[in-house]
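Naming follows writing order (A, B, C and D), and every chain is counted from residue 1.
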Amino acid sequence: MPVMKDKELRIVGFLCNWCSYGGADTAGVARAEQPTDLRIIRVPCSGRVDPLFIVKALLSGADGVLVSGCHPRDCHYSSGNFYARRRLEVLKHFLPALGIDNARFEYTWVSASEGQRWQQVVTAFTRRIHTLGAAPGFEDAPLLMKTADMAPAPLRPLGTGKNAPLESLKQAIKEKLPDLACVIGWKQGYDDAHTTPLFAKKPEDVDELVWGPLNAANLAVYLPLFKGKKVGIVVKGCDSRSVVELLQENLVAREDVTIFALPCEGTLDMGRVNEKLGRYNVVGGIAHGATNITITTDGQEHDFSMAEYAQNKCRGCTEPEAVLSDVRMGDSPLVQGEAPVPQELALLDAMNLDERRSFWRTQMERCLRCYACRNACPMCVCRDYCISDSRDPHWMTQEAGVTQKLFFQTIHALHLAGRCTGCGECQRACPVGIPILGLRQHIARTVGELFDNYRAGIDPAAVPPLLGYEVEERNIREREWK
Amino acid sequence: MRIGVFVCHCGSNIAGTVDCAKVAEIAKNFPDVVYADDPMYTCAEPGQAAIEAAIHEHKLDGVVVASCSPRMHEATFRRTVERAGLNRYMFEMANIREHVSWIGKEQQANTNKSAELVEIAVAKLRNNRPLAAKTFDVTKKTLIVGGGVAGIQAALDCAEGGIPVILVERESTIGGKMAKLDKTFPTVDCSACILGPKMVDVAQHPGITLYACAEIEEVSGYVGNFSVKIRKRATYIDWEKCTGCGACSEKCPSKKTPDVFNEFTGTTTAINIPFPQAIPKKAVINAQYCRQFTKGKCGVCAKVCPAGAIDYAMQDSFVTEEVGCIIAATGYELMDWTIYQEYGGGRYPDVITSLQYERLLSASGPTGGHIVRPSDGREPQTIVFIQCVGSRDNSIGRPYCSGFCCMYTAKQAILTKDHLPQSRSYVFYMDIRTPGKMYDEFSRRAVEEYGVEYIRGRVSAVYPDGLGRYVVMGADTLLGEPVEIRADMVVLAVGIEAAKNAPALAEKLRISYDKYGFFMESHVKLKPVETNTAGVFLAGVCQGAKDIPASVAQGSAAAAKALALFARDKLENDPQTAQVDARRCVGCGKCIRCCPFGAITETEIRNEKKAQVIETVCQGCGLCTSTCPQGAVQLSHATDNQILAEVNALCR
Amino acid sequence: MKNATDMSQRHDSGFTVEVGAQSGQKLSACYQCGNCTAGCPASFVYDRQVNQIMRGVQLGMKDEVLDSRAIWLCLSCSTCSLRCPNNIDVAAVMETLRHMARKENRVAVGNVEKFWFSFLNTVRAFGRSWEIGTMALYMMRSLRLFTDLDLAPEALKKQKLGFKPHVVAQGGASSVTRIFKRYKERAEREGVRP
Amino acid sequence: MNYAYYPGCSAKGSSADYEKSTQAVCAVLGMNLVEIPGWNCCGSTPAHAVDTELSAALCSRNLDIAAQQGVEKLLTPCPSCLSNLRHTAKRMENPQFRARVDELLDNPAAPDFPGVTSVMQGMAAHCDANGIASFIRKDLGQLTLAPYYGCLMSRPADIMDFGDPENPTLMECLLAACGAKVLDFPLKTACCGASYGIPERTMTARLSARILRLATDMKADAIVAACPLCQMNLDLRQPQAAKEADAIFAMPVLYFTQIMGLAFGLSPDTLGLEKLRVSASALLDKLEPAPSISKTPVEGGQSCE
């Protein structure tokens, strides 16, 4: 049903049944006059309001969304609003990453007795939305193509790992192998220039293990498949954080996983490597220098220096060593300096809201909705039951529009809030090269800012911030209604 | 689906600013809507009959009523559709009165908005499923925490109603604060004389099991089936053997033990029975002062005990009770008034609390009921009562009124005159709050018959004058002047606060508490005894300031709730609970972590860990549903699809 | 006979708001317990008690409040603020009222202001206060030539008072003089009484 | 150890004895007080009573001088100066206020001011009770003293940071460390009438009389003050107070530094006792040589801070 043209805008409210819905009733009983734009959806608790409902509404044409629950400490369900506060605050920070003005979304607390306050809230919020005007859509945003810059100098010398104690590691793996269903590692792929996952079950399998800059894949993605079995996994520093996050979330049991780690000297951006190699028939050989590798295809030598061809994330990496391991070998590299703002995030930061909408429209038009990003993500443990392709719940339609695709990316990003370790596999897997990592990095930064510099996948005992709360949040301030 | 829509005029309440007929007309175009009408009063008997008739006539399998707030009449209409054979959850409401007609005057906008709200309701209804309550067995037994007058009343009422009671008391005797009082207002009845028989009834009632010196350790389970682990603190005396003869206490050499029962107005022995009417009348050793414990030798009590009940090696022990409901009656404590440095911060011996004064008044108190100054044992001639010490004071974070201080201050002033006819009493007050039966008359008697001087103003400071008396610096705001009184004794009407460990107990019971530690009732006005956890009820001051009759009344009310609960052999749950789709569940336990009620547990299905909802514990908040990334947990009647349908109806 | 105060006529809500804003205090929080009055050491010389001043401010009774002697006799000991159960900095309200009264040239207790200026004049001249100078100036201004004359012999005998002002070295005195000059000029510019 | 020092105007006039004894006692404790150069009057009560910005300008000039000298902590003996300086530092945190004050100054004030604290707290921070006890040469055991802080020292609590605003105990701690018997003096933070002795003599006389009366009734040998104005009201104006109260007072009113000096064996002359109107000779008669220099720790023995 259309809104009343030139008079009303589409404003959706999610109100908890016990306090705010009652507050709105109280306002009504008191005949407290209010603008007519707001449409209220009654939910049991503000904690029931999945942030995705809000994004869904905003992407589908809502001009404003208001969530209201019981005041902190007054939750009918004792703590639902505490969880809501964290999740909605993260969403509030995230919306601008999509190009949506976060003034269009607000959450607040109104008790059943606060009819007057409810009137104030509705009036102020409606006025605010009218000041902002109708929400600009994505479909008609002007096209804008932008790419991320290359990251600045690495924080540690990058290399090819040719001197890593690979043989000792193999020996150590073989010693543990009898107790393990298998050990996950890398082996040579369809040619010398590529690797593929190795699932070593027998000692001779272990001999196939390789180590070096071609081991870009994050093998933690396979761990949940072995849930309940004892397995080993070989990790780079970044991979180890995914393993820790899986441990934090009970998706893998600590006693079931044996972590083998070598210090990582960086991995290659295979996208650019493949681009340079071009089409070829046969790999003639591959030579590892200290800081470069040389791949010979069809008799022609291609030199790839780590300094130039390493993945962006490796340059900003401050954790080349595993944050948690059972077997660790090799010398610790010296990391100097602070992690820079990741390039994909810097790209987003440099744009205003209009540009971001244009940017995402442009990128989403290229999206094939192939779900490679999801399948590569070690945190996407829903697998066959991802809500983006289910009927119950039925979050997404099969329509191939820009907003549906962006909504899928939002589902992925919000489901990763406080969980994403920034391994970048989603983006690496994207066949059309959409810098979707920026959305995850944006949320990770927000989570760090709100929750005491929390970083996912560091401490196996840490409670992921969106699965917990503080009665008095240190960094979340209630916004006043004037 | 066949949906019927009823757009209520509510007289002119809705129809005044909403074109109800037009809304009904628009509604006919919504998917699955086969019937729409706009009755004058839908909730009235003819209105309800019309709905029932329409259900039969048009073979409706879902009904939307657009009228007032669902908080008003959802239950009414659910019963209506149920009478006509529909499942009560195949019904939705659109609130076009409180949220539309009463808050805006423009008919066009209101009509449009009403139609949209009906559309949302229809969209939701199309996703509704019939829900059925589950039944389960109950353990017909009540556990009461706290043996003050509220807990005692609740225990006796439950037991009389045939429900066995477990009464858990932290101290070594029941009786609570009331047992310490000398007289009660407004009748000036002897407190011990009216409470004593009730305490004896508790001891003698076959249906009541009393654990004194005991505290709640752990609570698990849900309404009808709680399991409560109780810690029985070591008393160092085998109560099975102790006869309460008091021989031990007579001979105990540690005579300087602070007397908790007497509010530290005197001392007692390290082994003692708090007062003669104590229930259970059993001795307890205070290990902090007992020489056997502090010096490692003594053993006098063990030698003199005729029953051989002394056991210095006793340890805390535990007992677990299965009960169907729990009544919290943990009472209150006085706030720590010594933060008031301007009243001496506890340094002046003759500046005492009202409860200490109560012990001085009491014949069983340390002075045998003689009012004397703690400093020198002399009878005071001038006594100043200061009200609102620690009440209605924002500067110390206690904005609330403690409720009964006005009355007991009047009582104490009256009793003072009875004890010491020559004395003069002054009461500094801000407001006199006496809204009870015969209460104001009583406080007027203090003024008119007993000559108590009431002075309207707060006291700024109290200090010793160096000559044995105290200077009380106050104001008489009616006079518009500061006033000063040389007093022999100052009695502070100290404000109340929740029992120290009330928040810890609330966490165990999974009930809410306010920032002062008082337990939250389920609804301020309409559910003052219930809590947000089904099967946990409140009685007495633990829920908020109240006097003895109100505490007793709430104790009885809580008992009535328990008896009503147990009147049925089986309980039904509210079917609006979370459901787990085991196929979708990956067993990550995020829902278990977040559930505020511990209603989700881990189970194993074909060797895989899965979440499982205990439907009787689930309160239906839906936090799990918004937490589960796979959408594997869905809150019935507020599923993702139901809410999405509403969002989609609005945003397209 | 005095007529009843017509509250509807008396209420100058602008005054209430202004006092609240300048003092930074929430005046509506005052529930008239009288604690400020009870503890005020100067109350016995007041024409209106502190709680009455607070009530007057709440009711917007500007003239009654600004013309009261009490706001001039307040010792600024802040006992009232310390013990206020509603966290109102009553002393700050009193000081605000004094400032407002001064700026409107309503000085109910002239001697107090005369004493302040006598004191400040010595500071302006020498950079530091000078007791004898202050006294001399005050006696001239207030025409109370015998002020504390009873103390003089003892004070002089004990050499309690310096006959010569203490002048701040390093040009400090003139620097202080300039502070006063700028203060006065600015007040005149802003049209308030310095 | 050197300490930056702001003596306040009365140190150069009516409270020269406070200044003298402060210097002498600090010297014994090993505290060298160094006046900041070119300091001016803080404006005292008249300045802030007239205008907060004027008061702040006068104080800021001093704080600015200290800041230019690189001072981290400035000591002052006078509670009124302390109050004004600390209030100013607090108010200058507000940028609008600061801008208004800067307009009055020759140069804009330094962005960060040093902390200001009382000499009394400075002593307590410098040495603990045992440290003080080690300097004792005279036994004060026969003296019963009424500590009196006045109203400014401890409040407002958030500005002054001087312990409980109703019941500060630092002076008690120092006096006890010196071996004296210290009364729990209830009017220790009551107001003495401040500078109203001149324009409203009756008020000051009545308020001072109240304090003198209580100390007399509590059988104090002396009132111990920490504020020049309080001392003057209670001592020099004692006859005025007595007349107002229709009483006879003979209550010596000493500065706490004078008492400490006596305990340390300093001569009455060094401590400026001759400046007292009410003679302290009765006190001096009660002093006895300390039997031996106490090495046993004072009860509590810990820091007075």
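We take it that a residue touches a chain if its C-beta (ideal position, glycine included) is under 8 Å from a C-beta of that chain, and two chains touch if they have at least 3 such contacts.
Computed from a prediction, not measured in an experiment: that's the story for all the values here.
Q: For chain B and chain C, which third chains touch each of them?
A: Chains in contact with chain B as well as chain C: D.
Q: Does C-D or B-D have the larger number of C-beta pairs in contact?
A: Looking at contacts between chains, C-D has the larger number.
Q: Measuring from the mean C-alpha position of chain C to the mean C-alpha position of chain D, what distance in angstrom results?
A: Computed value for the inter-centroid distance: 24 Å.
Q: Calculate how many whole Å lie between the centre of chain A and the centre of chain C, each centre taken as the average of the chain's C-alpha atoms.
A: So the centroids are 63 Å from each other.
Q: Once you find the CA centre of chain B and the CA centre of chain D, what distance in Å lies between them?
A: Comparing mean C-alpha positions, chain D is 52 Å from chain B.
Q: For chain A and chain B, let me know how many angstrom lie between their CA-based centres, rounded off.
A: 44
Q: At which residue positions does chain D touch at least two other chains?
A: As it turns out, chain D has residues touching two or more other chains at 166.
Q: I need the residues of chain C touching at least two other chains; which ones are they?
A: 44, 79
Q: Please list, in label order, each pair of chains that touches.
A: A-B, B-C, B-D, C-D
Q: Provide the residue numbers of chain B that touch chain A in the complex, in ascending order.
A: Interface residues on chain B, with respect to chain A: 69-72, 95, 97-100, 102-106, 108-110, 112-113, 115-117, 119-120, 510-512, 514-515, 520, 532, 576, 581, 583-584, 586-590, 593-594, 596-597, 607-608, 619-623, 625-627, 629-632, 634-635, 638-641, 643-644, 646-652.
Q: What residues of chain D sit close enough to touch chain B in their complex?
A: Within the complex, chain D touches chain B at residues 164, 166-167, 184, 186-187, 214-219.
Q: Give the list of chain D residues in touch with chain C in this complex.
A: 9-10, 12-14, 16, 37-41, 43-54, 57-58, 61, 103-106, 151-152, 155-157, 165-166, 190-191, 193-203, 206-207, 232, 236-237, 239-240, 274-277
Q: How about chain B: which of its residues touch chain D in the complex?
A: Listed in rising order, the residues are 341-342, 344-345, 347, 461, 463-467.
Q: Can you name the residues of chain B that touch chain C in the complex?
A: Of all residues in chain B, those touching chain C are 342, 388, 392-396, 430, 456-461, 473-477, 480-483.
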